[in-house]
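Each of the next two complexes has chain A plus one more chain, namely chain B in the first and chain C in the second.
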Partner chain A sequence: MKKALKRGRILCVLLVISLLSGCWNYREAEEMAIVSGIAVDKEKDQLLVTFEIVEIKTGNEGNVQTQLISSEGKTMLEAVRKTIKTTGKKLYFSHAKILVVSKEIAEEGIIRIIDLINRDAETRFTTNFLISREKTAKEVFEQQVVTTNILSYELSDMLTSQRDLGYAYEMPEYKFLQELAASGISPTLPTISVRRENSQSFAEISGSAVFKGDKLIGFLTGEETRILLFIKDRIEGGVLVNTMHSDDGATNISLEILDNKTKMKPYYDGENITIQIRTKTDVTLDEIGGQGDYIEKDALAALKAAFEAQLEEQIVNLVAKAQQEYKSDIFGFGRSVKMNMPEVWRAIEPRWQEMFQNVGVSVACEINIKNSSILSEPIKVGD
Partner chain B sequence: MFRKKQENAQRTGASGDLRLTMSLDSNISMLKTVLNNDETVIFRDIKNIRQRSFRCCLVYIAGMINGDMANGSILRPLMTADMRPERADGDLLDFLCDKVISSHEITRSADINLLFATLFSGDAVLLLDGCDEALLICCREMRERALEEPELERVMRGPKAGFNESLMTSLLLIRQRLKTQDLKFKFRELGVRSKTRICICYIDTLASDGILKELESRLDKINVDGIIAANYIEERIKDSPLSPFKTIGNTERPDVVAAKLLEGRIAVVVDGSPSVLTLPYVFMEYFQSPDDYYNNYWFASVNRLLRCLSEFFTSSIPAIYVALVTYHHEMIPTQLLLSITAARQNVPFPTIIEALILLFILEVIREAGIRMPSPMGQAVSIVGTLILGQAAIDARLFSAPMIVIVAATGITGLITIKLKGATTIIRLLLLLLSSFMGLYGYIFGVIGATIHLFSMRSFGVSYMTNFGAIYSVDLKDTVIRAPWWYMKYRPKQMAFKNQIRQNTTGRESDS
Partner chain C sequence: MNKEVIPNRQAGAVMTMFLMGSTLILGVGFRAGQDVWLVIIIAGAAVAPFLAIYARILALFPEQNLYQILNTLFGPVAGRVLSLLYIWYAFSLGAMVMRNFQEFINIVSFPETPIFVPIMMMGLVCIWAVKEGIEVLGRWSQLMFIFLVVIIAVVIALSMEDADIDNMRPVAYSGFGAIMRSTFNVFSFPMAETVLFMTVLRMDRERNNPHYIFFMGVLIGLIVILMVSVRNLLVLGADLTENVYFPPYVAVTIINIGNFLQRIEVTVSVVFLFSGFVKISICLMSACMGIDNLLGLGGYRQIVAPVGLLLMITTCFIYKNIMEMSDFAFNVYSYYAFPFQVVLPVAVWIAAEVRARRALNASES
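This part shows the complex of A and B:
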């Protein structure tokens, strides 16, 4: 009898637990508005946040469209919650893949925007950040979609595919925060702009934004971004183009990057830091835009030397630009010092801002042409 | 109430102080009193052609004895044999046994209980005038089903015969496979009214004495009036009686029983039931099929893994789906979330209600498939597939992904059919837990089920034997089936008397 009573009590407790625990984050899939992307602009002293919301029509998934909803607020969260006024459904952020921030806000400091993304449980660490080169960030979302139905996801795909081009790169939130927090490196973010063609306009991701601390201070072009990736050892693909001059005239040649390894090594002579940058790139000779035979041994050696020289020059130029124009260590020279020579870094860290501008760079590029794709000769033209 | 019933059962069991007397007439009238209102009992009076004073009576049950045998081996000799005293010297009963009645099995007995038992088993009882003993003559008609392949345990390659309802046939099938004097058959009778014969089979040199003793002591404690099928015994002697999991196996295949006996297990054959109990039974046996041992071990291992995976799917898919869709949207790939959301637009029920209704319907279809007369099978498949599938989605009663989930649950559940009952309960439990607490609840459920499984024992053998195995030896016959030439040892906990199964293989190099 006593045992039965005890069992009954336990059962009651279990029942109550299961009922009281309730549905603290129970939500049916159709009750939420799935946010695919966020754009943040500044309006007077407030934030104007635009959400791209996936609108799902009844029936099959082919019917997916998006809608833009804007709302204002002093903080991000305020703006987020204010959307309920218009949507009726609570926004759901776990599938938001893109955050576009306007130039204006980025120049004032980006922490104000990204803290919510970092702190909130719903938003992902892998959300990709972009800086808009246009007047506003919102107008990016108003562009046409090309391959899919949802622009934000298309932008995310673009960033992923950039590894075959190298004009931009994926910069998810966690990586950005790492670079922001680390000493000896300044973060950069890919940029987005609008390309207008006749009556159509498309969003285009190319180039990058240079930060100093959390503030935007300038931009790099797509080509420069690729060199930046070379230095940071983040290049995974892309094309090297150079023009070769010979008796036949000028020939444009493309090399496709297969693999690249960049090593950065700092040297300290007690006064100045010198960074040695050595790249080692495996390429294939993928395109010869003329009849000159550049596959033949001597020509190939010349070709290799020309490309190496070009890359070296580009690297030196970019480093100079960062040192003189932006004064921002976007390459992580400081970090390399910190990792290789911790004692030196401890001594020079307070002075690094000034020191960076005078860091000497020695660049050695090595390009290994692995093959000439499936042909071993240039195209021959008969009479 | 129970006690009263027990007493009742006991009373009917004993035939009290009835005894055979020297007088045939009084014996017959005594039997007729006991068997009054049972008109299947036939009393056939017999007289001898040469000896007028010879009188006897053959008692049997109509239809149960073999007519030809009774006529030719009992009746005719009794009527025509020379029974004159000068011929029939010595004891008359002995004379009949030895020289007149030609039956392969004949006993003389004064025990009235034995007399009834013989009578009801379908043999004949011969009462003689002037004898207080009866002759029990075996002449029963064997009526049994042909040996068919058991429906639930079909194999692709391997013996097709299954047990039938006759105890002796079942034993014969086992004996045919194990021609050794070590194979022991121990009979006993259970059920005060049904007097069901059961037989404990084991291989003396392999089976554990402790397990055998435990089994016998549990069987001794059974006191019921009837044992109709094997489960009557199984449920009464199994460990963890409240658990939905079996701790005693059952099979209708003699080859399986023989294999289990060779592993040191013990079998219990119950008369009237084609299902033979094997014990101890461990969890992994749910996933074993006789086909595993009759086919190539690669194929067998793939099938085993498939069965294990299916079991995981059938118990977990609905729970995981509900948890993901109602709590953890971030874990669903974006495209999938979009299509689920699209499918769920305008569906009136919450996901959990949808899941419960559809699972209920699934179980109903399954049960209907078993219960309904087979000509109606078509109707069920039409209702099941067309109406519930397509029409329900078109009508927006259910979302398409949920139907897919439930269909997958149903299909994967058919693979480990013996686990069906337990699976249904676990599935429901997990589903409810994850509808309350998401994956958190699901994990709770899985932990609970695991603790339950690991806490169980079957006749002293841990139920999850080899699940925490460290040595590869113990893993040879679990989620994979190792090659035969590699399985050199028998299961440790059952056949510890004699562990080694084989020393060499066909190819010397492997040993």
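This part shows the complex of A and C:
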């Protein structure tokens, strides 16, 4: 009797395990088309969405190939589902790393594109957004890959590595949404273009796109983007180049940025806002393209002053450009007012759009040359 | 040992898990934007006197739960009517938490699974646990509590890479009104929900200290909730936190340490699964004990299964969709819970004190 009861129990357990442990939403990897990147263009009044799809072929070595598939729709989701007509598989978005939007659509408003990426549970909040400078976003995906097999992942790597250059920056979806939603700052996104060399062409990420609200209104070059990062305290590396003149002639000098700290402080005199920007940069003197001795004390001080003046000028110029040309607070001056003087911000928030154009800036840059790498003097040239 | 009494530490652990329950997945107080930490601390201070009242009521009547206390204080008829109110509260709260659980599963992982399937899985385990009694829940919580706290602490540490301290500034910008409204929300969900512990715990005269249980349980729960909320704020910022249904889940999806440590949002699900299980079990146990007392069944275990099944079915139709759920949880629930959390306990407390005085006078004279 007892034994029978025990057997019955074991049977029950086995039944439960076999019946209940499966997954309802079970999906085999082969049954999904894994999307690595998305590009969105406009075609008449519809969206033309291109997906880069990763195919994993089994074989002796893991062989990864990608394929491009396009589909149209009035909305993003319609276009996504319409791909079933050609792929026969449902697209899977958890591994999508890149979204490229054509400038034509971005000019009309980017919400229409990003809402699905944001709302859907399958897509991730770390998808990187890019704006295409080319005619279409699709052609970006048609470029050659250089170091990996999957172009979208290569673009994602490019964005990560930009921290050593500073011409672009990672702008994952959630950061973009934060800047879009916050008062007192307008978002920017990195831009992508196609670089043609002889018969080959490559995708190139450099510069940024300036938004006002959710609409694209202009572009910054890679150089300007770096200055933008300086102001936003997001610079992590990069090269500063300047030409010094001395008795020996002109010498080009590069400094490599090790570390930077930018402080933004607003002042209010009852009428106008002034923003004080102070940067403090640690650099290495990494290259002296001539025989002039810039490591010697006085020359080094002059060098430092020249680089500081250059950076200050660039910052002032970029702020002026944003104020006059784009009228868009991409630096977060408003947010800095809100953080430091909440009561002032409450009063001026409604008219910040106009006020921003007249904000004064005082810039003070400090560059600390930490070392001159392993050489203590310029390279000597004998007679 | 069949008195269904558990040691202080275990009771405190159950309470902490109960507080973490649906709070750690829905998030709290985000209507106050960057001041959420302020709101949670104020709510903690505001709930303290009520915790003292709950503990005092239990201390005055050792070895009785709230239903028995109501009978003793207000007589069999009025006591039973009041019992009915608490049965309803426990039952409805259980259904709401179960629904949170189901909506979470359905939205983030299994959109095509019928809603009854996760509810059934969770419901059956809860029925089992409640049948086993508070002792089992206590021991289980004591063990799992450590596990969950370690997970939460590690995940928060990993999140710090994406944290931006500027998201907390400026302090108190949302204004007095918004902070007070949010505080009221956090007070009722989840802090003062611990009122249900009056209905499931019985105090042993020697072994238990109800003040210790309530204050330690809520304090640790508050610290965990505070840390998670601040993490959400630091990573997502005030606007985004308000935008999403499950802020902690989204905050954890962002973690990416060197392309290696990423996609660890299952940790959020695990924490919610375990703590939600405790919360639903306590609600179910409270409802069953109330019904037992109401009908004089002489033991709550025999009705756990039917009440549990009823709870599971109620869960299915309690809300039409997640919009309704979120609206109820953050706009209506505070007012709905107010009588159970504040008005009735204060009335019971006054009656209990008066009775205790009388008893003291009677014994003296």
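Here is the rule we go by: the second predicted complex is superposed on the first by the 356 of 383 C-alpha atoms of A that agree within 3 Å, B and C clash if a C-alpha of one lies under 4 Å from a C-alpha of the other, contacts with A are read in each partner's own complex, and residues count from 1 in each chain.
As a convention for this text, a residue touches a chain if its C-beta (ideal position, glycine included) is under 8 Å from a C-beta of that chain, and two chains touch if they have at least 3 such contacts.
Predicted model only: the values in this text are computed from it and were never measured.
In the superposition on chain A, contact of A:56 is made with chain B only, not with chain C.
Once the two complexes are overlaid on the shared chain, A:34 sits against chain B while remaining clear of chain C.
When the two complexes are overlaid on their common chain A, residue A:324 makes contact with neither chain B nor chain C.
Taking chain B and chain C in turn and counting the residues of chain A each one touches, the greater count comes from B.
In the superposition on chain A, A:86 makes contact with neither chain B nor chain C. Using the contact criterion defined above for the overlaid structures, shared-chain residue A:124 touches chain B and also reaches chain C.
Once the two complexes are overlaid on the shared chain, A:147 sits clear of chain B and of chain C alike.
On chain A, the surface patch touched by chain B in one complex and by chain C in the other comprises residues 23, 25, 124. If you check the complex, the residues on chain A that touch chain C are 20, 23-25, 121, 124-126, 172, 174, 177-178, 181-182, 335, 338-340, 342.
Of all the residues in chain C, the ones that touch chain A in their complex are 107-114, 117, 121, 166, 169-170, 173, 236-237, 239-240, 243, 250, 253-254, 256.
Those residues of chain B that touch chain A in the shared complex are 325-327, 329-330, 334-335, 337-342, 344-347, 350-351, 432, 436-438.
If you check the complex, the residues on chain A that touch chain B are 18, 21, 23, 25-30, 32, 34, 54, 56-61, 63-64, 92, 94-95, 97, 122, 124, 153.
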